[in-house]
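As written, the chains take the letters A, B, C and D, and residue 1 is the first residue of each chain.
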Amino acid sequence: MEKLKVGKGELFMPYDADESRHFFKEKNKKLVNKLTTVPEAVEKYIPDGTYIAVGGFGGVRISTSVLHEILRQGKKNLGLSGHTSTHDCQILAAGECFDRCDIAYVIGLEARGLSRVSRKYFESGKVKFTEWTNAALAWRYKAAAMGVSYLPCRTMLGTDTFEQSAAKEVLCPFTGAKYAAVPALSPDVAMIHVHRCDVYGNCQIDGINISDADLAKASKHVIITAERIVPNEEIRRQPWATTIPAWCVDAVIQVPYGSFPGCMEKEYFSDEDHFALWLKKEKDPEEFKAFIKKYILDTKNFSEYLELCGGISRMNDLRFDELLVNPNTK
Amino acid sequence: MVKYNTMENMICVAARQMEDGSSAAIGTGVPTAAGMLAQKLYAPNLLIFFEAGAAGPILPTMPVSVGDSRTTHHSLLASTMLDTMEAGQRGLLDYTFLGGAQIDKFGNLNSTMLGDDYHHPKVRFPGSGGANDLGSFCWKIMVVTPHAKKRFVEKVDFITTPGFLSGPGAREEAGLYKGTGPFRVITDLAILDYNNPKKRMQVVSLHEGVTLEQVKDNTGFELLVADKLEKTPPPTDEELRILREEIDPSGFIIGRG
Amino acid sequence: MEKLKVGKGELFMPYDADESRHFFKEKNKKLVNKLTTVPEAVEKYIPDGTYIAVGGFGGVRISTSVLHEILRQGKKNLGLSGHTSTHDCQILAAGECFDRCDIAYVIGLEARGLSRVSRKYFESGKVKFTEWTNAALAWRYKAAAMGVSYLPCRTMLGTDTFEQSAAKEVLCPFTGAKYAAVPALSPDVAMIHVHRCDVYGNCQIDGINISDADLAKASKHVIITAERIVPNEEIRRQPWATTIPAWCVDAVIQVPYGSFPGCMEKEYFSDEDHFALWLKKEKDPEEFKAFIKKYILDTKNFSEYLELCGGISRMNDLRFDELLVNPNTK
Amino acid sequence: MVKYNTMENMICVAARQMEDGSSAAIGTGVPTAAGMLAQKLYAPNLLIFFEAGAAGPILPTMPVSVGDSRTTHHSLLASTMLDTMEAGQRGLLDYTFLGGAQIDKFGNLNSTMLGDDYHHPKVRFPGSGGANDLGSFCWKIMVVTPHAKKRFVEKVDFITTPGFLSGPGAREEAGLYKGTGPFRVITDLAILDYNNPKKRMQVVSLHEGVTLEQVKDNTGFELLVADKLEKTPPPTDEELRILREEIDPSGFIIGRG
């Protein structure tokens, strides 16, 4: 029988089922008010060295306010799950906040182009990385959400992506088929932006869920930012719309426009001008430094950032964009 | 005959490759433009999937992200990334469109890095994203890319996404599903496929005004040539009209051609 | 190293990934009107010998009309997935329609008691069976829905349930932990009752989904009965509410009260008097035969059955029950 | 003191076993009644899961099925069976309540069959359902069952659901999670647990008016006895009032006692 291959990438977050089960056993399951502030949540749950994962899809439904606060508090040596990490990666790279990354997709901003700052950071030698794919990372969350230490899948096989991953080949005990086994990934902290949730953290998400239901279950701690807080009764009225239940959640913060400049289904479209501004500023290191200082480090909170970006009037335009409405025609 | 640029030409050619009633996992940019054009002219029943979780949308305009709300516009489903990926894994997805910094004669793609030391790349790219996944699961991999020697290389620096790997049988041996693999490459010069026993890239059709020499000169490996070399029909007036007026009126993609 | 155990149960539906992938490749993906009738759907998709699975949860959101028609058409030698199969199993056992069964839960009707007829049928020697658990069968659907030939889980280990299953022990390649590997299950036909769907088969389900999203994806053919058919536009208005997409579905039939006597979230509660009538009739074989003849075999369709059971007036009462409304108090 | 029947007593005793702030996967009948009573008196923050997919309901009345719409009544979540099972598998579920036709001294449960030939059972029962799953995943297995010699047997005919299997360490050796296993058995005669090095069932508390002899006489294996044998307090008036007026006014469950 041929020898099964083993990826030679570093496994940053080895999964221990018993340790993990014990953690979830002890985790609070009571319905308590979890409202807090972004600075408090970052202070409490994200000490230097924490392995974090960002919900959404890079420029879609991301927790921008929490990412900014990580920069503001000068967090260092974080681990990052690069499950299509675009603008989130761009923010964290600007602060050189992480030093290890499970990569599926980083540096790029999809159709918008590449972030020079992120690229340089990944080329600098300051970041250790291991290769994966989007599905592989999503299945790694899924495995942890299921409470199993691995899942078999048929991706990465035969490629250098596998070679530089920490996956291992296994054979199906029934068919003999070869699979890539991907190890469960249980991030220390997930930050997820949602449409609405109650003060206990029961969340509803409209549009695509991406990997967030699994991510919330997989993670030891979950910080939720929400467009709006709703009464618990609203959650209980349609419990099949709950995508993340309270028992996964540690902190809840109401942050309207909290995915800006990213897109938020039925709320606001991405601000492509602002994304372009980031990419433009990145061309000159000094200008970029000043940009980050002005927009993030020197702003007290996310509302101030939104004001710098055009405030309510701009948000209003983005709502029209999202709804494909042209306000100039009747 | 309306004038057209290379980007418009590639999109029109790509749009003609998809069978009606099939399914395609597409990314932003050229693939979406091609998918939309295909739906409007050649494959009205093309079922479009986006890797972040949307399926069956009525696309109003080009998405910027495969996860943004254009992809869910009047869609039939707005679900999870794994829902799309697992549909692929169980055989439901016919086509995928991929790109990369490098492609070799077996259709292997590199979107990870340039250089010979993984940990110290000369140039670092985004990585697989969903490319390796869709390239492993979907039946037919389509690649749309400009034709240039530095892109069409003898050996990619890093196999991000599997083409035929080292040749016939290698995908199956690696554990990938039977019958999947690279299908066509559409460049600004030609249409290429792998329809030969060696599973190597071959020219099958030259675009208007392009010579075989020109294609070979822009390819960094020994290119096979199909027995019967076709001429690619240029974009029709209707294709161009729809592309420019309905699909990409702001020139977001076709402006790059 | 200790020897890994292998369940000695028969694997009724071995899963072949390549064959399965080829089937799904060829399956129609066009949006075509799939409206048909229950008799036509059963005639077309359920020849003798077919392996079937019923959605819902035994007495909750089941496809009663399709089950009755299977009896009416005298189907034989079916295979049955016994993923909490209560009233569905009771109906099929009454007609001795199946001859092999993957058992997680059969014979019983939860708090209502046991079906004598089902029990006798399982004790008769006429049925081959293999043991599983509810989660094991649900993961078997899940595996097929994922397109992988097995999934690891930590149930059944150490028990006779494992011994009489067709599961196999495997070791995690990362942690060395022992898992029960359960093989993918791709039923020939699934029948699922939903709240609403369009003519193409895009379905919405309120309340719990149980295992139906996975079951629909895992099955080669899917027959949908729906409380009501809605315009395609209604589906597209909230695509995140689609739980079963059209490309899984082969046949669509509008069957109001189609889960009767089972429960249907927010529509009608289970008819406990009618369930009790079944159990009472089962005490006397002759009476039971006459009961089945009158209520199922001699009725032309499900509407006639509903009329025998009290018609619209009874359905009205069950709606009050479901909504916990007492019509006699204001 | 209000009179009570054995079923009422078992439910009241069971309700007192659950810590506030814990979670429990419960079935219909006695477990639901106990869970509801616990919420109203002893564990207001008890988080209830049903195996078919509901969690965190405000139960208006007793469900007939673990999947019916009583289980989703004003619930926090109405999801999938695997969502509950996987919550269990990742360690989130503290208690489960199970039953069966037979139980042995290590708490192994049989709800599959009587007889010695699996394929030709003398009596066939429903099978595991979710019992084996919850008995494998949850931290503490509670069993509520009438006490009788034919139920409390030396060796169950079929291990449907794992107790301590063959004794100390056997669960872990079989691959089950550390720290899980049988916790308490509540019968119409006594409370029993496994809190000894042999992991064998032992009497810890006798119900009102019950003697140790009586318990032993109704047990088909050698029963251990805790060092300090307690007296189970009888149901309080308040327990009985809530049980009869609010939880099971139609006597669906308590009428069977």
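One rule holds for everything that comes next: a contact is a pair of C-beta atoms (placed from the backbone, for glycine too) under 8 Å apart; a residue touches a chain by one contact, two chains touch by 3 or more.
Everything numeric in this text was worked out from a predicted model, so none of it was measured.
Among the other chains, B has the CA centre that is most remote from the centre of chain D. Centre to centre, using the average C-alpha position, chain A and chain B are separated by 28 Å. Per-chain Cα centroids separate chain B from chain D by 57 Å.
Centroid to centroid, with C-alpha atoms defining each point, chain A and chain D lie 40 Å apart.
Shared interface positions of chain D, i.e. residues touching 2 or more other chains, are given as 54, 72, 78-79, 82, 89, 137, 177. Within chain A, residues 17, 146-148, 153-154, 177, 179, 207-209, 240 each touch two or more of the remaining chains.
Chain contacts in this assembly follow no simple pattern; the graph is neither a line, a ring, a star nor complete. Chains touching one another, given as pairs, are A-B, A-C, A-D, B-C, C-D.
Residue ranges of chain A in contact with chain B, taken from their complex: 56-61, 82, 84, 86, 103-108, 110-112, 114, 119, 122-123, 125, 128-129, 131-136, 138-139, 142, 153-161, 164, 169, 177-180, 207-211, 213-214, 263-266, 269-270, 272, 322, 324.
For chain D in complex with chain A, the touching residues are 21-23, 45, 47, 54-56, 58, 72, 74-79, 82, 86-92, 94, 137, 139, 177-179. Only residues 27-29, 51-54, 60-69, 71-73, 78-82, 85, 89, 108, 112, 118-133, 136-137, 158-162, 165, 170-171, 173-177, 252-253 of chain D touch chain C when the two sit together in their complex.
Within the complex, the chain A residues that touch chain D are 17-18, 20-25, 27-31, 144-148, 202, 217, 235-236, 239-240, 242, 245-247.
Looking at the complex, you find that chain A touches chain C at residues 11, 14-17, 146-154, 168, 170, 172-175, 177, 179, 181, 183, 205-209, 240.
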